[in-house]
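Okay, handing you the structure first.
In order of appearance the chains are A, B, C, D, E and F, and numbering begins at 1 in each one.
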Amino acid sequence: MIEATFPHHLVQNAIVSSLQEDLGLAGDITGNAVLKADEIISCSITAREAGTVAGMPLALATFKALDPKIKLAKKMSDGDKVKAGDVVLAIKGNSRATLAAERVALNYLCHLSGVASLTQKFVQQTKGTNAAICCTRKTLPGLRAFQKYAVRAGGGRNHRYGLDQAVLIKDNHIASAGGIKQVLERVKKLASHMVRIEIEVDTLAQLETVMNYKVDAVLLDNMKPAQLEKAVALVDGRAITEASGGINLQTVKKIAQTGVDLISVGALTHSAPIFDFGLDYR
Amino acid sequence: MIEATFPHHLVQNAIVSSLQEDLGLAGDITGNAVLKADEIISCSITAREAGTVAGMPLALATFKALDPKIKLAKKMSDGDKVKAGDVVLAIKGNSRATLAAERVALNYLCHLSGVASLTQKFVQQTKGTNAAICCTRKTLPGLRAFQKYAVRAGGGRNHRYGLDQAVLIKDNHIASAGGIKQVLERVKKLASHMVRIEIEVDTLAQLETVMNYKVDAVLLDNMKPAQLEKAVALVDGRAITEASGGINLQTVKKIAQTGVDLISVGALTHSAPIFDFGLDYR
Amino acid sequence: MIEATFPHHLVQNAIVSSLQEDLGLAGDITGNAVLKADEIISCSITAREAGTVAGMPLALATFKALDPKIKLAKKMSDGDKVKAGDVVLAIKGNSRATLAAERVALNYLCHLSGVASLTQKFVQQTKGTNAAICCTRKTLPGLRAFQKYAVRAGGGRNHRYGLDQAVLIKDNHIASAGGIKQVLERVKKLASHMVRIEIEVDTLAQLETVMNYKVDAVLLDNMKPAQLEKAVALVDGRAITEASGGINLQTVKKIAQTGVDLISVGALTHSAPIFDFGLDYR
Amino acid sequence: MIEATFPHHLVQNAIVSSLQEDLGLAGDITGNAVLKADEIISCSITAREAGTVAGMPLALATFKALDPKIKLAKKMSDGDKVKAGDVVLAIKGNSRATLAAERVALNYLCHLSGVASLTQKFVQQTKGTNAAICCTRKTLPGLRAFQKYAVRAGGGRNHRYGLDQAVLIKDNHIASAGGIKQVLERVKKLASHMVRIEIEVDTLAQLETVMNYKVDAVLLDNMKPAQLEKAVALVDGRAITEASGGINLQTVKKIAQTGVDLISVGALTHSAPIFDFGLDYR
Amino acid sequence: MIEATFPHHLVQNAIVSSLQEDLGLAGDITGNAVLKADEIISCSITAREAGTVAGMPLALATFKALDPKIKLAKKMSDGDKVKAGDVVLAIKGNSRATLAAERVALNYLCHLSGVASLTQKFVQQTKGTNAAICCTRKTLPGLRAFQKYAVRAGGGRNHRYGLDQAVLIKDNHIASAGGIKQVLERVKKLASHMVRIEIEVDTLAQLETVMNYKVDAVLLDNMKPAQLEKAVALVDGRAITEASGGINLQTVKKIAQTGVDLISVGALTHSAPIFDFGLDYR
Amino acid sequence: MIEATFPHHLVQNAIVSSLQEDLGLAGDITGNAVLKADEIISCSITAREAGTVAGMPLALATFKALDPKIKLAKKMSDGDKVKAGDVVLAIKGNSRATLAAERVALNYLCHLSGVASLTQKFVQQTKGTNAAICCTRKTLPGLRAFQKYAVRAGGGRNHRYGLDQAVLIKDNHIASAGGIKQVLERVKKLASHMVRIEIEVDTLAQLETVMNYKVDAVLLDNMKPAQLEKAVALVDGRAITEASGGINLQTVKKIAQTGVDLISVGALTHSAPIFDFGLDYR
């Protein structure tokens, strides 16, 4: 179902750029010299470990781009859980095109499945709590739309996509505006009514001041579990509560048990190791 | 010195795309609503851990793109080693522009320094040996030129940039051509004399056959240290020897001690965690 | 102050495209044939009617693009009110470059000032009420970022920039999901916590149902003033109220007096006549 | 028949840009959250008023871009006259794709049909005369090719597409060259023989001087009907006569009756209100 | 003076593309490995033969793109005649940037000067006649704007830039329309009044028919000098006469002496050998 | 077989750009005015002389781009030898689309077949020798990928595609590094092991020094046949030998007979006259 939310309108430009990055002007000089021109091969993309798939539409589009007649039998969809040995895609097509597309297709699939699988690990840790896992703007340049989608494929939720999608007020903003009251008045006056307003606080005292005003969400930065519990109690449902700051797979469960609504984790998109897929001849 | 080899001709397009990715059509709606329009701020980018810097030209260009009058005092260059607390860049500029550029600049700098720092860790493990660490084509789509540069900044060397830069013959190529002899004849006939030829082998037997012919390099795939030693002896300086396949920080030293010339590590570019930099007001 | 929120990161690509649209491959064949190559002219852009300025950064960038040494003395800023005869920009530069840039610069300036001036007329009608005027997604393809900015320059506010910035639920969405309860549950589960949720209603009965749930805003579609008053009373501050549907300069005052928070007007961006500026030699 | 002259070679890039403008990185977050993933809907685009259609190829391409399997039954073609209630396009396709494409498709269709319909109104006023209605370079940035086509769909004719297509000499050109004789000599010497030469005159005296030389067309700027009649008599078929300057639906008939060949109207492209189309479920 | 008509608005995109074509992702790997990072060199671009210069703005922009601080002393301008040994550009800049830009700069300069020099040779042959030399649409893909400019730099004139700039009616058009009368009626009705109309004829009989109607120019295809003389007499100043079809440096003089106005030569842009420039250290 | 190595991933962008270059905003104004909208024509592309074909994939893609339903019957493939009168492509499609695409398709086909045919002439001269003909980086901006492919279609081989593909050390590099020993040490240390290293020498003395070190290839610049023979003897198979410098069809045979491995000829790509193809109605 997640795959239906894939940003398909961005695929063609992404694929063309990535293929040019790998093929340059000369193309696959190995395949061009060595492979028979009209050889048809059968191969499949197989998981080498357990995790969550993301990026299938990019993989498919990459192979199609170099061989419009290629036969692609999709065995898994984004969001599906796989184990080592599971085939996600069976391929029958021209050998030159298939091998020329292989690396680009796998680079997308392995990276995005890495993001989804890491997200899923965090999500697992929050089971039984109310907390959702979400991403940040700490993404890899050029890959944000696909990474944010992979977070969803892994069971996570999206924080704002960019500076244009929501207001997030930090210390420096408050200082420049002259105080919490002033900053919120300015936002109310100048920002669109269609964007949410979140404000970052470091202490419970700050949070208390903030809660005198109406905000959509509070970002509780670098708070310990005990503090977070108090913060959640203080907010008392009047705003979405988001915990943030260096949260990892070891600490996330404790954070989730404090009752916060959201836990944002930069590592989902800035430090996810790849998920290992390989292409094997059959 | 490494910074002089930065691919400057790719910076402008990269920066414009990345800024549009984060700013969308509406721009920084928080800063636009909240910050004073003509406020000048002083801040700096500081390392939060120890490692190797890469990506300074991109960080500088990002800030300049949004505030052409910004003052940027570079304290460190790519390839430099930093420890937690070291300032790499001091900034004095318009607050809206600076904060709107912050995330894009940091996303480049943190990711590329992550690549450089991981590379450097591998390089440290090979000290006292003849082996160099090098990257692969397992890069993140759209970032290859910068990632490959970051590998150099971390003390590594570059394998081929793309399918267009060198010939690398694998099992499937040999099968399609009809054997090692045939594959090398085809390459010699059809590939440019200006590209190197490497061939992948899985066993010493294969290697022996290969060494009957002239190749520039042999890729010794997934061999154990003992096998690698024999392979190096067998090659005996007639070709560059490259070890490859799942090598990590725990195993790299043993591999390096086998006498191979090169050790290629996909993780440098596909799974490097970020290096943590932050922007602090002064 | 509005000009500080201009989307500067989009200017260069816009200008280059627009100049290529007007200059083609051959350039200004009249100027090239007829004007002296090194002639310096002085001219100014003058308002031919009364209204509100928008688009100065685009006009300036257009002239600079064709003559980097041109002298541009800005007399007015976006958001300023002008009357017929007011000079907004004094220009001294190469005659070929100036006349080649003239039409593109004026096309931007006249259109965006048209949008700002029309917005300002609507805003004038709402004086003394609580209602703000805002735009829609009914923009001219390729010009949305600049048009939405021009609405702000005219004293209006922005509705969502695109389908990606906020949730707006309409009849068809409710039908597909199976009812208001179901649609809001799905949104809460699947949409980011950082986006606002608005829902469109046509009748007071629908509104009553909707108000059983938590939404950020209600779009009151095609309601008469009497209905709107009742709707505002019914909502009673629990959500932002937005009136929409064929509202024009004749009807907007009555609508504003009903107490709604926002009045959205598609015509601001889809049907604004230009504001008349001319370039005169001095 | 007009539709066969549509600039099809520009459609793909236009559509991709416009969809990215509306969908951003995140896509249609409402539809993605709320609509069933595989729902097929039937709907149609219907005229809400009477006028002339333009932009069908863009509307069709937009829907196809998001759902390649969509069924589109075209009921009207560009240049056709429609009345309120007429269906121009029947659609059967995936609900998410259809609704995500709706606004972009309508923004093109409504704007271009607005241009065509306004043009047609002017054309109606010239019935029984020899005068044709034509457009100017006062177009909206990025939309020129489509707007000029829409003018043709409305029964108008095109003036030059850009500075590169024809020579149009104005006062400043004459002054810089040193006189009418000099300016025409320079043009004859330097401009291509394949471009037409038009010259602007403000008075009959100027026109008399101009007619001593060979030009293709004369632009009679801001002349009253009585003056225009004299001008037409003076030219006596030796050049195309074009009336220009603030001509509107009230004045155009009188202008047309003076015998001029062409009447150029900037408002066709810079100030056309949209033509109202809506998308309705069936 | 010709250089003032250079299409400057197309330079930046051209340069960026060409540099990426030569530098790829890795850049100048020779210079990066071998040259000192901060070395300043002095060199110059020198003519190795006699001819006419074209393309200086592209050469200058290429060097500037890689070294913004480079010092460029222009010694010659486009349209200037040079002899072997003449310096056209003196350069002082960073050695890596200068040598990385060298080939792209020279590829533009040598090709465009080749076009200009060949044009000039044809122009020389027409001295004492009324005939001008002009180019065709037989250009090299991607280079038309610059090639057409180079033709002007060599003393030639431009035929239409593209299918969009003027009407040129050929046999197939006449057949499809049903005859010369019909084709010209359709053009008059449907084409803009701002474009010229030329018609191609193969025989004097055809020409006679054509001259019953009003056209701007006649293309006399593949006619012998004797035929051309008769054609010119037949036209008698009522249209521009253009000779075309396999005309070369041996035949052009005879053609020019027939009294035709224009001689179009496809070879100027499709087959011009380069003009030899070299970059020498000083 | 050569056609299977065509850089297909670059075709779409190339075609779109080239069509926009010829069609501008207005399209084919002649065809639009004159041709029947739904006329189907049959025509073919025929060789007007003898030579070698290159560029068929671009020609086909150009026609398809403007008429997706066009029927294209390929009679010849790239690399095939043709004589005057041979049909290479039979076409049946919409007349407007076919004639609008004709010039772009022919411009690619004629230029690239020109490159292939000239290459083939050089190759013929080397028959019976060991020498291969290869191209240089002296290509026409924007066309390198296609030109280098055309060289292969003509029987030649490719030198490096760009500065990024291989190391080529020249005098200035040696001077900057401080000598041949130093330059090669730097290259070995800093350049990737996957790139070849070639060094240019002007004299036999230089060559002798160079041969003390290990290089992949030596470029013997501007040497006479007698010198080349000595150079080949001196190298004695330890490196690839390449002759370069002003070699033409008159001199190439003598050069080839010296025993050099490669002869590089800039003229293949910078000065190839077109091969003459025409489109004829059937």
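The rule is simple: a residue touches a chain if its C-beta (ideal position, glycine included) is under 8 Å from a C-beta of that chain, and two chains touch if they have at least 3 such contacts.
None of the values given here were measured: they were computed from a predicted structure.
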### Query
Both chain B and chain C are touched by which chains?
A, D, E, F
## Note on the structure
In terms of mean CA position, the chain most removed from chain E is A
### Of A-D and B-D, whichever chain pair has more C-beta contact pairs
A-D
### Query
chain B to chain E: how many Å between their CA centres?
44
### Query
Quick one: chain A and chain E, Cα centre-to-centre, how many Å?
51
### Summary
When centres are defined as mean Cα positions, the distance from chain E to chain F in whole Å is 22
### Summary
Residues in chain D with touches to at least two other chains are numbered 21, 23-27, 32, 144-145, 158, 161-162, 164-166, 192, 195
### Task
Name the shape of the chain contact graph, picking from line, ring, star, complete and other.
complete
### Task
Quick one: which bits of chain E touch chain C in the complex? Just the residue numbers, please.
1, 4-5, 7-10, 12-13, 144-145, 148, 158, 161-162, 164-165
### Message
With touch defined as at the start, can you tell me which chain F residues reach chain E in the complex?
### Response
14, 17-18, 21-36, 39, 41, 95, 99-100, 103-104, 106-108, 110-111, 114, 137-145, 161-169, 172-173, 176-177, 183, 186-187, 189-192, 195, 267, 270-274, 281
### Message
Which stretch or stretches of chain B touch chain C in the complex?
### Response
16, 19-20, 23-27, 32, 37-38, 65-66, 96
### Contact set on chain B toward chain F in their complex
132, 134, 157-161, 164-166, 192-196, 198, 216-217, 240, 242, 261-262
### Query
Within the complex, which stretch of chain A touches chain E?
21, 24-25
